[in-house]
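Dropping the structures in below, format is structure tokens.
Next come two complexes built around chain A: one with chain B, the other with chain C.
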Partner chain A sequence: MLSPTMVVLALVVFYPLVAAMRESFYESGQRLDADGFVVEGEWFAGLANYAGVVEQRFLNAALNTTLFTVVTVALEVVLGMAMALVMRRAFRGRAVLRASILIPWAVPTAVAGLMWKWIFQADGVANTLLGTDILWTADGPWAKLAVIVADTWKTAPFVGLLVLAGLQIIPSSVYEAAKVDGSTPWQTFWRITLPLVKPALLVAVLFRLMDALRIFDLPYVLVGPRKQSVETLSGLIWDEATRVHYGPASAYGTALFCYIAMITFVFVKLLGADLLSDVRSRGKEARDVA
Partner chain B sequence: MWRRAGMIGIALYCLVPFYWMVVSSFRRTADIHDKSPLPAPWSLESYEAVFAEGMGFGRSLVNSLVVAGTTTAVTLLVGTMAAYALARLVFRGKNVILALVIAVSMFPGALLIVPLLKLFTTIGWINTYQAMIVPSMSFALPLTIWNLTTFFRQLPYELEQAAMIDGCTAFAAFRRVMLPLAAPGVFTTAILAFIATWNEFIIAVTMVNDQSRQTATVRIAQFTGAAKFDTPFGTQMAAGVLVTIPLVLLVLFFQRRIVAGLTAGALK
Partner chain C sequence: MKATHIAAALVLGAGLAGCGSTTPASAPAEQEGGGRGPITFLGGKFEAESVQKIVDAWNAAHPDEKATVVLLPESADEQRRKLIQSAQTKSDTGDVILIDAVWTSEFAANRWVDELKLDTTGFLPTTIETVKYRDKLYAMPLFTGTGLLYYRTDLVKEPPKTWDEMKRICADVLPGQKGMSCYAGQFDKYEGLTVNFAEAVSSAGGRLLDDAGKPQVTSEAAKQAARFLADGFTSGMIPKEAITYKEEEGRVAFQEGKLLFYRNWAYGYEAAQKTDGSSEVAGKFDVAPIPGLNGPGAGTLGGNNLAVSAFSKHEQTARDFVAFMTSAAQIKAFAQTSSMPVARTAIYEDPELVKKYPYLPALKEGILAAVPRPAAVRYGDVTAAIQESAYAIVTGDKPVDQALTELQSALGPLLT
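Entry: the complex of A and B
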């Protein structure tokens, strides 16, 4: 019963992965052979495709990706946590609140990009409200802020939902005990809520990290493709691929893959978000049942 | 008091930018830059412009529906079987497969498109539906398997045992007993997979450059140059609203299920 899944994953994930890694060491196009004829084909290029990794454009894209990831995930955790704490106490109007919190999550990223582009127009509503004349969507430092705002708007509610689910499984008796012991709300939050909600929070952060590191459509729509100030690694790879520079595109893709894998590994190791052991223990349960 | 303020704050945070898009879409092109909270007068000008000849927007909605619908259907078919096997059957290497499924969702789409673009160019799949459907399964399938495995595990094993004692084969027990019971979970997963595919961008923008095959998310992002008005923002907002409406309806009707589905994989 697993074989269809395996076939699909092999075709759409493992084949591209292996092909991309191979491609990243090859160069294709035309060159002269030993007799002076033009031949077309591809040949081993060693690390030539990776040369771009130390160049300005790649480093800039890597820096942008990292900046967006760190800032947006940090903001989303703070905002998401705050939202979850409010929603846990909400009884009346809970359905309305839940529906509205799902809206930013459901809006397609491309549409969210357009929406914020409109809000951030030179004569748009953001400048009117702020009383400023900032060119948010032009290539420049403000464009970074625009992307960060738009991304945070779209994904903080998602973090909030995951954290809320984590909050709801904390037994109320723990809070009653804390109250009896005279804990202040501040102490209750740091000593009880945060440690107990940590597993759910870490999973949410991990999801967001992996997602934020491959951010592509938001800067593409909000500011535009090939804009230096907001070009991310995915944007750079896409640009190289559509210009048929498969070699460098694959090399950068492999680099991005390694970057994401490394961050995930460090995150899981450092913070003990032990997803795989969970899989293992669940597997054990299933075996016990059988 | 604080609680009330917090709730209103969250609702405003989530809805105000969206509200601005909706309001702007109902303004006339002439007063698109108005900052009044409600359009005066209301106008459907932008919506007419969206469906004007040559915009290809209606077509792109159909394309999105075909791509997201087919991906969801195929993914469910394949993913349900896999999830059932992972939840119930005992075999060697099962944990490796589950770990792989999680790892797959970590893959950057940008890496996958390079070889797939090359492959699809070779076999002539550029500008076809399947060039969008097949790669979309790379994220829809892990999502489906992960959600459904969680769901199948919650169903008691005795149900199948009872069915098998009554003479069902293992497969019949799955099809006649488990599948109907799992229908709510499958349905939830279908909604999530559909929304994920509907919102997909990087694959669709790479594999298709023919306007008549573009999905809606790609089409509206490219309105800018093609419009004959000085700023196509009204048109873009109207198109944005139209692309989002199906999703907003899904959210309104199935919010409880969606929240359950979103958080299921993360908690258990």
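Entry: the complex of A and C
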């Protein structure tokens, strides 16, 4: 049963991964012959493509990526949690509320990016409401804030949805018992809701972390490519690849991969002791049956 | 614990697959014979209906060599990426391709397009410069265009010929016009910034590159041009939101009456002339060649050219199709249904068409004075370097002299 799965995985996952890593050590398409034609073929470049990793542009992109990830994921967890708590309660119009909270998540990111671009443009809604004339979409610190706002709006519902699923499997008897014992709402939240919803919350945060570290489309559409203040690692890789610098693009891609792998590993190690225990025990059962 | 690692690695790998490009080493170029048969035309979304009419005419005359139109994405960056991708996989998805005027060198040097042997008489001479690489013809000009100065005829009697004249007119007119700024172009950090910067330099009498192809961006003219833009922003002659303008944002601002002068392509004429309420300046504006430092300016040449893919299996048909599409008869038929500027001289002298599109004489004057952007194999790197420095100039992040010196040294190694 395992081998067809492995073949598919090898084709769609390992091959591109290994090919990208290989590409990161080669140079191609950069030399011209005497007649002005590009010399075909490729040359081993050693670590030359990785030289950019210590340069200002890459470090700036890495810093932006990290900043966006930390800030947006933190905001999204708080907002998502609040949304989930509201969505869980039974009241008239709950279905409508649930649906409307999920709308941002259903909107394609590129469309959301365009929408926020209109909101943030010089004579847009944001400036009118705030009574300011900030150039949100020009390169600068405001652009960072614009991206954070738009990304939080877009993905907080995702966290909300996953947390809601986690909340719904908490048996109501636990809450009834707490009520009988005279627990305050605050105590109930910290002592019952939060610990019991933790596995679902951690999965949501893990997904969001990995997603946020790859963020590309929102800064691209909202502010534009090659704007220093919002250029992320994915944006940098895209820019190199479109300028047919496949070597450096692959090198940066490999670096980004290592960065995401490292963060995920640390996250799973520190917080996720029970995150995958369920999967593991199920895997063990399957093996035992086999 | 092992399962954990693998699970994490798999999820990550799936994410990464989209990032790196992994085109395998290329095989030696295939030698294609001059075949005949059905072909595919990869075109942009410009004027798709009018283009289809030419293709229909071709199909009626060549039932055995029918052409099918496939539309590429709207944005030029996306088009370029698609075309390069299919070239690198040696795919024959497009026999005839529509390429931007600035890509000719790159496509020719990479042998992605074939050399052509076609007659280039009857085209505007400047457009022919954009279809050659090292003096050989690799494409045929189809669409063309250059920057025009849109101005308000209700406020300005005579369009300015120089930057100083423009400033003087603004000083006279603007005090009576609330919320109106003097001038804008496209100054967001994208290809439009390269166009506007190059235009300023050539309008000041300079060139980004000299005849030998070496960068000349620290010349006196380049400095004057850069100062015109930098001072324009600091003095408020150019509104500060113009730093976010691409073509459309500026066009809307002009139509809302927020700009006295606006630099744009010819396409903006039709929209600004609309009387359905979307334009407040309908009937109150006209176009003129752009102004310069000491006299009329020189715009940047834009446009799109037709090329034959090197990987076409029906190359002979593809060549004939290019000749057919750019023939005098078809171009005239095209111009009658579309306002997209075309590269044949006769169109600009046709009384019937001039009556329909009153901006044609100004446009012709502009195109003949226009300067193509640097023809570089690594144009992507060149334009990125220009945008980097020009953006620092218009945002005031760097002093003009420093930005230009940096640009000069950045361009050097890209143009060998």
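Here, the second predicted complex is superposed on the first by the 252 of 290 C-alpha atoms of A that agree within 3 Å, B and C clash if a C-alpha of one lies under 4 Å from a C-alpha of the other, contacts with A are read in each partner's own complex, and residues count from 1 in each chain.
Definition applied: a residue touches a chain if its C-beta (ideal position, glycine included) is under 8 Å from a C-beta of that chain, and two chains touch if they have at least 3 such contacts.
Here the structure is a predicted model, which means the values were calculated and not measured.
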| item | value |
| --- | --- |
| Clash or fit (per the criteria above) of chain B with chain C on chain A | clash |
| First, second, both or neither for A:V53, with chain B first and chain C second | neither |
| Touching partner for A:V268 - first (chain B), second (chain C), both, neither | second |
| Touching partner for A:M83 - first (chain B), second (chain C), both, neither | first |
| Partner contacting more residues of chain A (chain B vs chain C) | B |
| Partner chain(s) touched by A:V71 [first = chain B, second = chain C, both, neither] | neither |
| Partner chain in contact with A:F257 - chain B first, chain C second, else both or neither | both |
| Partner chain(s) touched by A:R98 [first = chain B, second = chain C, both, neither] | first |
| Partner chain(s) touched by A:A110 [first = chain B, second = chain C, both, neither] | first |
| Which of chain B and chain C A:T242 touches, first, second, both or neither | both |
| Which superposed partner A:L196 touches (first chain B, second chain C, both, neither) | neither |
| Chain A positions touched by chain B in one structure and by chain C in the second | 9, 12-13, 16-17, 19-20, 23, 121, 123, 210, 214, 234, 237-238, 241-242, 246, 249-250, 253-254, 256-257, 260-261, 264, 276, 279-280, 283 |
| Contact footprint of chain B on chain A as seen in their complex | 1-2, 4-5, 8-9, 11-13, 15-17, 19-20, 23, 82-83, 85-87, 89-90, 93, 95-104, 106-111, 113-116, 118-119, 121, 123, 125, 128, 153, 157-158, 160-162, 164-166, 169, 200, 203-204, 207, 210, 213-214, 216-217, 220-221, 233-234, 237-238, 241-242, 246, 249-250, 253-254, 256-257, 260-261, 264, 275-276, 279-280, 282-283, 285-287, 289-290 |
| Chain B - residues contacting chain A, complex | 3, 6-7, 9-11, 13-15, 17-18, 20-21, 24, 33, 35, 77-79, 81-82, 84-90, 94-95, 97-102, 104-119, 134-135, 137-138, 141, 145, 153, 157, 195, 198-199, 201-202, 205-206, 217-218, 220-221, 233, 236-237, 240, 243-244, 247-248, 250-252, 255-256, 258-259, 262-263, 266-268 |
| Residues on chain A engaged by chain C in the complex (per definition of touch) | 9, 12-14, 16-17, 19-20, 23-24, 28-29, 32, 35-38, 40-42, 121-123, 133, 135, 137-139, 210, 214, 224-227, 234, 237-239, 241-244, 246, 249-250, 253-254, 256-257, 260-261, 264-265, 268, 276, 279-280, 283 |
| Chain C - residues contacting chain A, complex | 3-5, 7-17, 19-26, 28-29, 77, 80-81, 84, 108-111, 133-134, 188-190, 240-241, 243-244, 249, 377-378, 380-381, 384, 387-388, 391, 395, 416 |
